[in-house]
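Two complexes, one shared chain (chain A), two partners (chain B, chain C).
== the complex of A and B ==
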């Protein structure tokens, strides 16, 4: 009975604790790797296969690298609306995505076939594999522990 | 976790870092990890005030080449543990460090000694284990001569 009577006032005092808690949870969510949507992963997977064929480049011999990058692109597509390269730091991501230089395929890739993210590798690259295809299952499997 | 990290500064770091370093899970899957992930609040103690040179690796969550060099970095941490400390820093979670050291391409390696960035030690992108060894040997050699 006493508890019930105290409940409303408790409720009022609890609310002052809620915001800092929320804030830290929010930060946690941002820092933890948010999974990109399946739809965006599939779009970027298909794009990657097509662009590898078109540019005469190959996926990394370690398809885990390919998978991680495809997911990173999908993540940026979800959050920024554009597949900004996930292998760089940007002071202002939305501005960078709007500008487009580092949207995949980035300018260095289009002009010189330089993909520092190692999604598209020219055949002579130390890390180039022989494949230009990757399945959704491969992407899921190789990023399962992330 | 094998605690062969012999640097006293590193050992003094709390075992459970604050919320910000939750992204570490994607990089510390190796069971006997020698390479420690730190955040900007730990930077002064574990890097700037370290009594040994510290090789700092800046990484991103969805960065393929960061993942690719991870085993080689673990190898360096183990192989050079009596001469060198190796730490990893997530770029998204530590913007102040990124701003201070102007890191853009990832992964980025920078060697620190006596609280200073070692000139010409900065390196971006994936690297084979053999080339990483050459890089570390050359840097350690130059430090011992200097």
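== the complex of A and C ==
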């Protein structure tokens, strides 16, 4: 998959969290919420476990939240080629994925351990559970009725 | 505590909600001293499935279900939100946003408790791109409050129920 990089540069957009990407031609492509591939779910599951350990963060007490986010990352990996954060709204997803700011782990996570998707929570966060592992079965089970 | 409230495993999690400037436009409002908490964050027991007084249905299904609040779309936006006689709450969400599902549960409760005083809707920002852009939606979940067709408050991120209630009360009193 080729990704179009439309933004000239990231610039100083970090403080405002506003994408530097200008509105491009709207892509009114409405995709049905298809299931991500098992392969991508497994890649993102493993990535999540590894990154939680590496960053000293924990999954949410409600692993349903974790599961949905992992599937969302997998879905974006399938459709965009990059695990774009599923908890943001983008005018132009392919351009955002190419630009990379919100590809998981996003810049706020890497710099300040801020994950508003609640995938990686610091131990003192009141939503944090005690686990850094999640099985494929758990993901499937908790998202079975979506 | 209301009978409709889901069994609480722990309310401690809500007393110091996730509050960072990044997430919230209202962080200055908190904390309120030990509010009565009813937002069920811990839906699944850590081990086993036996909860005292637990409902017979499965927790795991409950924990990720879609919202009960009716959806609003571009076609119904004008009628349901802009021209509404009473204040309106709209939760913008995305299909694969985990924390949005936590907020769905809160909005479900609020829509029942405020029936007749506040209309609650959910909007899928993945589908209604134009409305999401009109209101400059960046992060989801985000809850917008409307009165007389105008947006008058915004709550970004995943907040405890009391946080939304406080915002709603302010709007209703305006």
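Convention: the second predicted complex is superposed on the first by the 114 of 146 C-alpha atoms of A that agree within 3 Å, B and C clash if a C-alpha of one lies under 4 Å from a C-alpha of the other, contacts with A are read in each partner's own complex, and residues count from 1 in each chain.
One rule holds for everything that comes next: contacts are C-beta pairs under 8 Å (C-beta built on N, C-alpha and C of every residue); 3 or more make two chains touch, one makes a residue touch a chain.
The model shown is predicted, which means the values in this text are computed figures rather than measured ones.
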Clash-or-fit label for the pair chain B, chain C on chain A: clash
When both partners are placed on the shared chain, which of chain B and chain C touches more of chain A: C
Partner chain(s) touched by A:72 [first = chain B, second = chain C, both, neither]: both
Chain B versus chain C as contact partner of A:108, first or second or both or neither: second
Contacts of A:116 with chain B and chain C, given as first, second, both or neither: both
Touching partner for A:55 - first (chain B), second (chain C), both, neither: neither
Touching partner for A:144 - first (chain B), second (chain C), both, neither: second
Where chain A meets both chain C and chain B, residue numbers: 28, 31, 33, 60, 62, 64-66, 68-69, 71-73, 75, 86-89, 91, 116-119, 126-127, 145-146
Residue ranges of chain C in contact with chain A within the complex: 12-18, 20, 22-23, 41-44, 60-61, 63-66, 92, 94-102, 125-127, 129-130, 132-133, 137-141, 157-158
Complex interface listing, chain B residues touching chain A: 19-23, 25-26, 29, 58, 60-68, 90-93, 98-99, 103-106, 124-126, 128
Of all residues in chain A, those that touch chain C in their complex: 17-19, 23, 26, 28, 30-31, 33, 60-69, 71-73, 75-76, 86-89, 91, 108, 114, 116-119, 125-127, 141-146
Complex contact set, residues of chain A against chain B: 24, 27-28, 31-33, 60, 62, 64-66, 68-69, 71-73, 75, 86-91, 116-119, 126-127, 145-146
